[in-house]
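Here's a structure for you.
Letters A, B, C and D mark the chains in the order given here, with residues in each chain numbered from 1 onward.
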Amino acid sequence: MLIVMDAAATPEEVRRVVETVRRLGFEAHPIPGAQRTAIGVTGNRGTVEPAAIENLPGVLEVIPVTAPYKLVSREAKRENTVVSIRGVPVGGNKLAVIAGPCAVESETQAIEIARLVKDAGATLYRGGAFKPRTSPYSFQGLGPEGLKILSKVRSETGLPIVTEVLDPESVDLVAEHADCLQVGARNMQNFTLLKRLGRLRKPILLKRGMAATIEELLLSAEYMLAEGNYEVVLCERGVRTFVNHTRNTLDLSAIPYVQRISHLPILVDPSHGTGKRQKVLPLSRAAIAAGADGLVVEVHNHPEAALSDGPQALLPSMFAELMDQVRRLAPVLGRTA
Amino acid sequence: MLIVMDAAATPEEVRRVVETVRRLGFEAHPIPGAQRTAIGVTGNRGTVEPAAIENLPGVLEVIPVTAPYKLVSREAKRENTVVSIRGVPVGGNKLAVIAGPCAVESETQAIEIARLVKDAGATLYRGGAFKPRTSPYSFQGLGPEGLKILSKVRSETGLPIVTEVLDPESVDLVAEHADCLQVGARNMQNFTLLKRLGRLRKPILLKRGMAATIEELLLSAEYMLAEGNYEVVLCERGVRTFVNHTRNTLDLSAIPYVQRISHLPILVDPSHGTGKRQKVLPLSRAAIAAGADGLVVEVHNHPEAALSDGPQALLPSMFAELMDQVRRLAPVLGRTA
Amino acid sequence: MLIVMDAAATPEEVRRVVETVRRLGFEAHPIPGAQRTAIGVTGNRGTVEPAAIENLPGVLEVIPVTAPYKLVSREAKRENTVVSIRGVPVGGNKLAVIAGPCAVESETQAIEIARLVKDAGATLYRGGAFKPRTSPYSFQGLGPEGLKILSKVRSETGLPIVTEVLDPESVDLVAEHADCLQVGARNMQNFTLLKRLGRLRKPILLKRGMAATIEELLLSAEYMLAEGNYEVVLCERGVRTFVNHTRNTLDLSAIPYVQRISHLPILVDPSHGTGKRQKVLPLSRAAIAAGADGLVVEVHNHPEAALSDGPQALLPSMFAELMDQVRRLAPVLGRTA
Amino acid sequence: MLIVMDAAATPEEVRRVVETVRRLGFEAHPIPGAQRTAIGVTGNRGTVEPAAIENLPGVLEVIPVTAPYKLVSREAKRENTVVSIRGVPVGGNKLAVIAGPCAVESETQAIEIARLVKDAGATLYRGGAFKPRTSPYSFQGLGPEGLKILSKVRSETGLPIVTEVLDPESVDLVAEHADCLQVGARNMQNFTLLKRLGRLRKPILLKRGMAATIEELLLSAEYMLAEGNYEVVLCERGVRTFVNHTRNTLDLSAIPYVQRISHLPILVDPSHGTGKRQKVLPLSRAAIAAGADGLVVEVHNHPEAALSDGPQALLPSMFAELMDQVRRLAPVLGRTA
């Protein structure tokens, strides 16, 4: 931490800040300058609460330096984490593609789409049984019935299942059927849910919140690692900005950034990231080219009749085209698909 | 809903869209234009899912028209809702000021601050027992012990208690001690929590999410009204933007906007809205002048030792000054304080 | 400036950074910590270009500390600047209200509106002769003819004239007719124009850009002060965010922030700041309550026939009501109107 | 345009709106619905100013439908535009890579970098002689001297020159030396400059403004096409959002969106788009994979000594690596490099 003193701060004020820092159990290193004095703060037990300092007379600004996350950081673990979802690795050399409908609507629909995406090359299946919907009057998912259908999809196709969990109460129920539990963007800072999932021993897919910084995303992952669950996969799915030609603005620079500071794998969801079917294909290519460990893609066999998010779901033929392109891109990037 | 056809759409394509709309049980009204045709859609049972239409050949764009919320809207109820929090009205002529520490830290601290804010004129008390914290390593609140302290604050000072609830499991526990349950910004779209609170018969303070539109805020309130709880107070607390001189950007234009389209009361939280103590006073005045029904303000007797959010907490003397200014502003705005 | 070294940086790497800093003519102050070393940098001639440092081996991050603006800062001049626009003070105790149509459309229109706003209490007149328009096919203003009308408005009503200048070439022409030249949001970083205006000896009204930080706004003002023109009035007019219920999001916390770090006066433009007539009145009150030195408001006698920005222009009766409210608010804030 | 009437609007109010629309010379098509009436508006001469309508009694909302740009749209010209910069095509099958230093600093530096980027495979050279700088105290470019150096770069290396023009006055001077004139992000809505460049007969590289929508970018291009200059190349360079891990947020979904609605070529500038050298390579790949027609990349031989924007400039070896990757990506995307 660095404390910047006002240009007009008196030596007495500087001394008082130094004493306060030391009284709190930290080291204070005054750096006298031509115009003003700065004070470096170091120590090996946590961080000083800025509040304790920034109200002292003569203090202009307090600048934090140390990152607040630990277990998720590259400094804590140099090599990449590879999360295994029922045997399918996420984060290794092979790109992971999780595909399926936004919502499970019926057994027929779920299995038909599963066969189509598996044939095209997807190795993991996604489908929502519990849907978080902005309006109370929108379709909220089939619930427990949807989970049973997902189990059936796995037994029929062998694809591991990724599905969203909305609240701590249903973690056990969802975990019974799912191979990986998804935390949606709206729940990225539902800390009770994160703590509960931290005590689970199943992989978690954690989506970035619509207004979340990468630091906040990593701290939400840290909640789970701190409870003992190290099987966390991150997912960039677009953030909310003034830009109005897509539903969200996909922040692909998050990929190299996360990979530099954390060892966790990161996927990209171009379906929610753009909200428009025509953009899923080019943005999927872009995500892979940026270095993502894989994709989360919505596919529907009859998107015009989808009960939620139809406009962003790929048609099966488009998904086959996407997989074809991913397979051709992968070797250029030193990966397999 | 309005369907805009491509300039190059054929009459056959237009006909197919019209037929599809009618097959879905709605009325279609083609509007031939000089350059292109548009098709108006009307009907009295819900809305067409745009997905059903926007993939038909020749369709350029689908524009929704009807607002998706019902019970919270001014069209549903013309007169303002006044929510009574243990006898203290919020949303009526008298401005409501909810004040107290960010977190309850001890009985002594909680009661001392309560006496100070009551003396200064606050009519409701706030204080967190369960704190949502970005980092798992930050102070998370005193929990049930904090709730007991809040009950004690009420019995000692008579101030009704507003406190945050983080998850459905603790709704009953929090409701036992609180007079109004707060849903924080990060939980604005925690729909399981909202539904649970909709079945409670206690007032709710619903804070706007960091990236939420007003429509989304109102739909979250609609979740509770749809379950039967009409005692919802909204709260603007700033949104996340590129602006970096405050922690959040307080969107005061939300006040007149909400008041035009909804009957629910709306407060402003200038403490979280700015994150800086020095801005709380001018932005509190601005909020009242914009027409807010009151304020939610953090006050701490020793902010430099606060366990959370110290830099934005007002000193007691500053809060007294704030109340003094609010009292002088109120009559100019035709209100009392 | 503070240089943060990687936790794994070697003593040799630290030494090399220190030497580089010194070679560039600055002082380097190493601060060894429990986990990593930081290096404080001070000096009295400009700032180190971070680029010179952040690529050295072992450097994790470079954090700038000193503010880059000088003449506009409170540290340079403690007392408030009061800008006189042909005798009307802006920035003093008395609130300034600049009112008029978005665009000058005809002599009749311009003078009629001028009389109306003067009667209601405005002390300065605004009206665009050169209009920056997003589309080349929109009305671009009357140009030189509009300027002559503005001169006539002044001679008829005595109101000093504020009008926009779009480019360096027309500065002399506009300055011939205007008492204060406005730089619009889109030109806030048109540095050629700013430098040219810095050599003028007339007051400038500088509007904040749609995506400008306060630091950037102040640096644009600094361009003019650095050239010798100290008569600069700032104007907050809303920034662009994801929020979609207003055209822009008015950032009223900019008011106390600017007033703390700069001595320049700051006005608020609630017409552009909201883009909606119904919000101009509540947000004008809010701006004044936040401490603004005055308002810039669009008024039109026939807004439904306005050639630009009609929906945000106040009707004369609404402006009279606004002035009435401003007059009643002013004394509560220790000001006059 | 669609006019949505209030649910409570009277038949008389509907009639008045219809009459107003017709009086303005347009067709009005009332669409009575179960809950409310909407009125479609069509016509072949421009658009109705919404202001003329939305203040009429009973009107709830006015929704524009027709896009305001014409010459830049795909509807106006179906096939892609290929702009030739002194014989180098931009927008065709072959990817264009414009590389060079942020600022021209000396003849030696400029030519040395030009040789390096040419050897690595760049086909166009960029370098700033006039630099727009946020602070008046930052290096502003070598000016006319820099332009002469750029001419020398061309005669020495054969690379066509792309350089920024800051104001209308220097258009002729810059055009004398440059093969393509760049309009920077801060000048995207400098309409006087755009009009002047519209009368030039040289290619223009138009960068997206930091808070510009794609519609605004296209309308700025339209300013030039409307004046007769059809040689416009667009450039995505990141927008300003809350995201703080990059200088700007690169909006790669803009690529497919622009390509769908416009025939103009579009490049991506990953240097400004990220502001961090380490991200230029992954985001360059992503841009190409998203379908961009090429890249604008900053390269410096001694970035630690660069006079501006050093941290985002690639080292020559990194640029060679980038070109190598682009060459391997291109065939996968059906392009050449």
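Assume contacts are C-beta pairs under 8 Å (C-beta built on N, C-alpha and C of every residue); 3 or more make two chains touch, one makes a residue touch a chain.
Everything numeric here is computed off the predicted structure, so don't read it as measured data.
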item	value
Between C-D and B-D, the pair with more C-beta contacts	C-D
Taking each chain's C-alpha mean as its centre, the one farthest from subunit C	A
Subunit A-subunit D separation of Cα centroids, rounded to whole Å	31
Whole-Å gap between the CA centroids of subunit B and subunit D	38
Centroid spacing, where centroids are CA-atom means, of subunit C and subunit D in whole angstrom	26
Shared-contact residues (touching 2 or more other chains) in subunit D	211, 239-242
Pairwise touch network: line, ring, star, complete, or other	complete
Partner subunit A, residues of subunit D touching it in the complex	211, 213-214, 239, 241-246, 249-257, 260, 273-274, 278-279, 282-283, 285-291, 325, 328-329, 332-333
Subunit B residues within the subunit D interface of the complex	2, 4, 7-8, 27, 29, 31-36, 38, 40, 42-44, 61, 63, 65-66, 75, 240-242
In the complex with subunit D, residue positions of subunit C that touch it	46, 49-56, 68-70, 132-137, 166-169, 186-187, 189-193, 195, 209-211, 216, 219, 222-223, 226, 239-240, 277, 303-307, 309-311
